[in-house]
Amino acid sequence: MIIVMKPHAKPASIAAVTRYIEVNGLSVHLSHGEEVTIIGIVGDKSKLSTDNLIMFEDVDRVMPVTESYKLSNRKFHPEPTAVTVGSTAIGPGTLTIMAGPCAVESETQLLMIARAVKDAGAAVLRGGAYKPRTSPYSFQGLEEEGLRYMQKAKAETGLATICEVVSREAIEAAVKYVDMIQIGARNMQNFILLKEAGQSGLPVLLKRGLCSTIDEWLNAAEYIIAEGNPRIVLCERGIRTFETATRNTLDLSAIPVLKEKTHLPVIVDPSHSTGSYKYVPAMAKAAVACDADGLMIEVHNDPAHALSDGPQSLSFAKFSKLTEELRPFCKLSGRSL
Amino acid sequence: MIIVMKPHAKPASIAAVTRYIEVNGLSVHLSHGEEVTIIGIVGDKSKLSTDNLIMFEDVDRVMPVTESYKLSNRKFHPEPTAVTVGSTAIGPGTLTIMAGPCAVESETQLLMIARAVKDAGAAVLRGGAYKPRTSPYSFQGLEEEGLRYMQKAKAETGLATICEVVSREAIEAAVKYVDMIQIGARNMQNFILLKEAGQSGLPVLLKRGLCSTIDEWLNAAEYIIAEGNPRIVLCERGIRTFETATRNTLDLSAIPVLKEKTHLPVIVDPSHSTGSYKYVPAMAKAAVACDADGLMIEVHNDPAHALSDGPQSLSFAKFSKLTEELRPFCKLSGRSL
Amino acid sequence: MIIVMKPHAKPASIAAVTRYIEVNGLSVHLSHGEEVTIIGIVGDKSKLSTDNLIMFEDVDRVMPVTESYKLSNRKFHPEPTAVTVGSTAIGPGTLTIMAGPCAVESETQLLMIARAVKDAGAAVLRGGAYKPRTSPYSFQGLEEEGLRYMQKAKAETGLATICEVVSREAIEAAVKYVDMIQIGARNMQNFILLKEAGQSGLPVLLKRGLCSTIDEWLNAAEYIIAEGNPRIVLCERGIRTFETATRNTLDLSAIPVLKEKTHLPVIVDPSHSTGSYKYVPAMAKAAVACDADGLMIEVHNDPAHALSDGPQSLSFAKFSKLTEELRPFCKLSGRSL
Amino acid sequence: MIIVMKPHAKPASIAAVTRYIEVNGLSVHLSHGEEVTIIGIVGDKSKLSTDNLIMFEDVDRVMPVTESYKLSNRKFHPEPTAVTVGSTAIGPGTLTIMAGPCAVESETQLLMIARAVKDAGAAVLRGGAYKPRTSPYSFQGLEEEGLRYMQKAKAETGLATICEVVSREAIEAAVKYVDMIQIGARNMQNFILLKEAGQSGLPVLLKRGLCSTIDEWLNAAEYIIAEGNPRIVLCERGIRTFETATRNTLDLSAIPVLKEKTHLPVIVDPSHSTGSYKYVPAMAKAAVACDADGLMIEVHNDPAHALSDGPQSLSFAKFSKLTEELRPFCKLSGRSL
């Protein structure tokens, strides 16, 4: 943390800042420039509320110089992590495809989709049982019944399974039926849920919040790891911007940025980010080309009659065509699909 | 809901859309323009997933023409609502000031602040006992102990009390100790929490999410009202934009927009939105001038040593000066403070 | 400028950065913290491209600690500036209202509007003769003919006049006919136009770009002042965000921020920012309450038939009612209208 | 254009809207739904200011149902266009790489870079002679002298050349020396410059504005085509969002969206969008994978000493490695590089 003083800051102002820091058991390092004086804080910053220093007289700026997340920070854990889900390892050397319906609608439907996505190359079956919907009047999911269908689909196909959780009850149910839980974009800063996910013992797919910076996202991951659960996969799913031609704006640059900042694997959801099946194949290929560790894609047996997110779901034929097209892209980076 | 067909849409495409709608028990209204054909859907749209129509051949756009929120919609409830909290009515004819520390730190501190904000004209004491913080390593609040201090402060000063809740446990505790609960910005689309807030029986302050549109905000309110609890006060607290000179961008235009769209009262939080005590007085005055029904302001006995949000907290002297300055603004709109 | 090294940066990396700086005639100041080493640059930073240092080995961040704008910076010019336009001084102690049609449509129309806004209390007549429109098929303005009508309106009413310019030709024409020129939001970073405005000799109203930060805005002002023209008035007119209920999001917090960062006066345009006449009065009052030095408001004799921006224009009756309502707000801050 | 009336709109209100439309020579089509009445406008909408209808009593919304751009719209020109620059055709079947320094610094430097990028596979040499810089105190370019060096580089290497223009003077100079002109992001809605570019006779690279929607971008292209110049290549270069880990947020989803909306070719600039050489290769591959028609990449002989944009420039070695890596990606889509 450094404190930048205003030009012509009074010596008494500099002394007041220094005193505040030293009283809290830290030490300072002064640097007098031509225009301004800079005060560096040396020691464990968690001991004082450095933010408060902005209120001191003649203080111009308070600037952090290190990240607040530590356990997810690649600076301190240089090797990339692989996260195992069922018999699949998400991370270096592979491309993991998670596919399935936005919402589980029935047992028959789910089994039909599970077989189709497995045949096409998916390793993980996704299916929503608890649906967070913008309007209270939209379909809200089958809840625990949906999870049971997920379990059956796993038994029949051998696919690993993932389901979004929205509450402690949902986590407790998920632990019984599925292999991985997902924290959705709207709950990325639901810190209670993050802690409960950390305690669940299951690997966690952490989606980026619609208006979350990469730093906030890694701090959210930190909440989970701090509970003793380092099995986290990040999922870029688009951020909110002024552009309305797509549902959200897929931030693919986040992939190389995350590869630099964290050791956690990161996958991409081209379905929710674009909001249209038409744009999913192009964005899926782009995600693989920039080295995402996986994809999460919505697939439905009959998109035109889906209860949720039909417009962005791929039919079986389209999904199968896409995975065929992705194989040579995987090969270019020496990865298996 | 209207469906805009592409130029030169085939008659078969128009027929397919028409059939999909009619099979679901609704009827259509066709309008052939010079350039495009428009299909209006007549009937109860909740019966079919109209979004899916975007996938039909030759369909160009699917456009809603009515809002999905109904109970909070002023079109159907023209009179503004007043929400009673303790002995205070938030709504037409008054300006309600909620003030207090970001986080409750101790009993002594809270009582000291409660007396000061009451003397200066506040009607509601705010104080955080459950703090959602970006980093897991920041102070997280005193939890139920903090709520007990709130109850004592109420007993001593007569102020109504409000506290943020982040989980069902927090709501269950809050019901015992405080008069109103707050759903924070990060939980605005935590739909489980919204439903639980709706069932709590307490009035709810619903803060706008950092990246939520006004429509999404009113849909979140709808979740609470749909549980039978219409006692909702909205709170504009800034949205996330590209500008970094303030913590968030206070969207004051939302006040007249909300006055048009909903009958619910709306207050403004100039502390969290700006992130700096220096900008709070100007924004508080602006909020009153554009007819916000109240203000939520962070006040601390010693901002420089606050455990949370010190930089945006007003000292007692600054808060007292501000309420004095606000009185004539209230008078201009015939309101009491 | 400070350079933050990565944890465990090699001494050779620190030496390389130091050498690069010293070779360019500047000196360094090293600060070894517990976690990272920080290198401060002392001297005239314009001598080297400090941005490039991010490419050096083991460099983590390059952070500016001072603003790049100097002439518009309040740190070096503590007294607020007043800008004279015709017989009006925009700045401390007054509230200046600029009003008129979005586009000048005819001589008769302009004179009618000029008389009406003068009667209601406006000091400056605005009127667009060169219209930058999103679509090439929209009305583009009367150009020089429109400026001549502005001159006539001034002769008849005594109002000062302002007109947007979009090119050097427009500036050359404007110099002949009006008292002040305006750089619109879309041209805020048209640096050629800024320099030409700086050379024009006329006072300049500089609107904020739709996606410009306050720092970029002040750097744009710096372009004009650097040409020897310090007569600049800033105009907040809304920024682009994800919210679509209003045309743009009026950033009123920018007013107190600017009062701190610059000595230049700042006014607010509630018409373009909200895009609807319904929201103009509330936002105009809010702007006055937070100490904006003036307002720019679109007024039209017949909004329903306006060739441009009808929906956000006030009728004479509405404008007159608004200025009446604004007078007591001005009095509260000891200002005349 | 359709007009949505409020629930319970009075017949007189509907009649007033109808009359306004019919008086202007258009006809209406009424659709009475269960909740609201919708009025469709049939005929040439350019004859009246439909936006104004929002002001009529009981009108709830005015919604366009067709795009305002026509000449660039794929609906009316289904075949993709190829734009020829020198001996290169940008469009279907090829991947065109434009590379070179952000700013032309000297003849020697430019020739050295031209040879290097040609050897690595670039077809077009980029080089800035007129630099729009945020601060007036930054390097502003060599102007016409820089263009002459571009001409020499072309003579020596056979590369086609492109240079940004910022004014009519710059266009007049560019016509003499280079093969293609570029309108930069900050000038995307400088409509005067767009018209002048349209009259120049040169192909135009039109960069997306930092806060421009895809629709606004295509309307900007429309300004150029409307002057009789259809030789336009679009360039996605990142939009402004709240994320600060990259300079801007590269919106790659815009590529498939544009392929659907327009027949014009589109390329991607991974240098300006990310702001860091570290992220350029990943984003370049992603752009090719999602079928961008080309790339614009900044390359410098000595990035650490570049006068402009050093941090995002690739060295010769890095650029050469990147083009090698891109070749197999091109092959996957059957394209040559």
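Letters A, B, C and D name the chains as they come in the text, with residue numbers starting at 1 for each one.
Keep in mind that, in the parts below, contacts are C-beta pairs under 8 Å (C-beta built on N, C-alpha and C of every residue); 3 or more make two chains touch, one makes a residue touch a chain.
All values reported here derive from a predicted model rather than from experimental measurement.
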In contact with chain B and chain C alike are the chains A, D
Farthest chain relative to chain C (centres taken as mean CA coordinates)
A
Roughly how far is chain C from chain D, centre to centre by C-alpha average, rounded to an integer in Å?
26
Using the average of all C-alpha atoms in each chain as its centre, how far is it in Å between chain A and chain D?
31
Whole-Å gap separating chain A and chain C, where each centre is the average of the chain's CA atoms
38
Which positions in chain B touch two or more other chains at once?
211, 240-242, 244
Chain B-facing residues of chain A, complex:
20, 46, 49, 51-52, 54-56, 68-69, 132-137, 166-168, 186-187, 189-193, 209-211, 216, 219, 222-223, 226, 240, 276-277, 303-311
In the complex of these two chains, what residues of chain A are touching chain C?
2, 4, 6-7, 29, 31-36, 38, 40-44, 60-61, 63, 65-66, 75-76, 240-242, 244
Spell out the part of chain D that touches chain A in their complex, as residue ranges.
211, 213-215, 239, 241-246, 249-257, 260-261, 273-274, 278-279, 282-283, 285-291, 328-329, 332
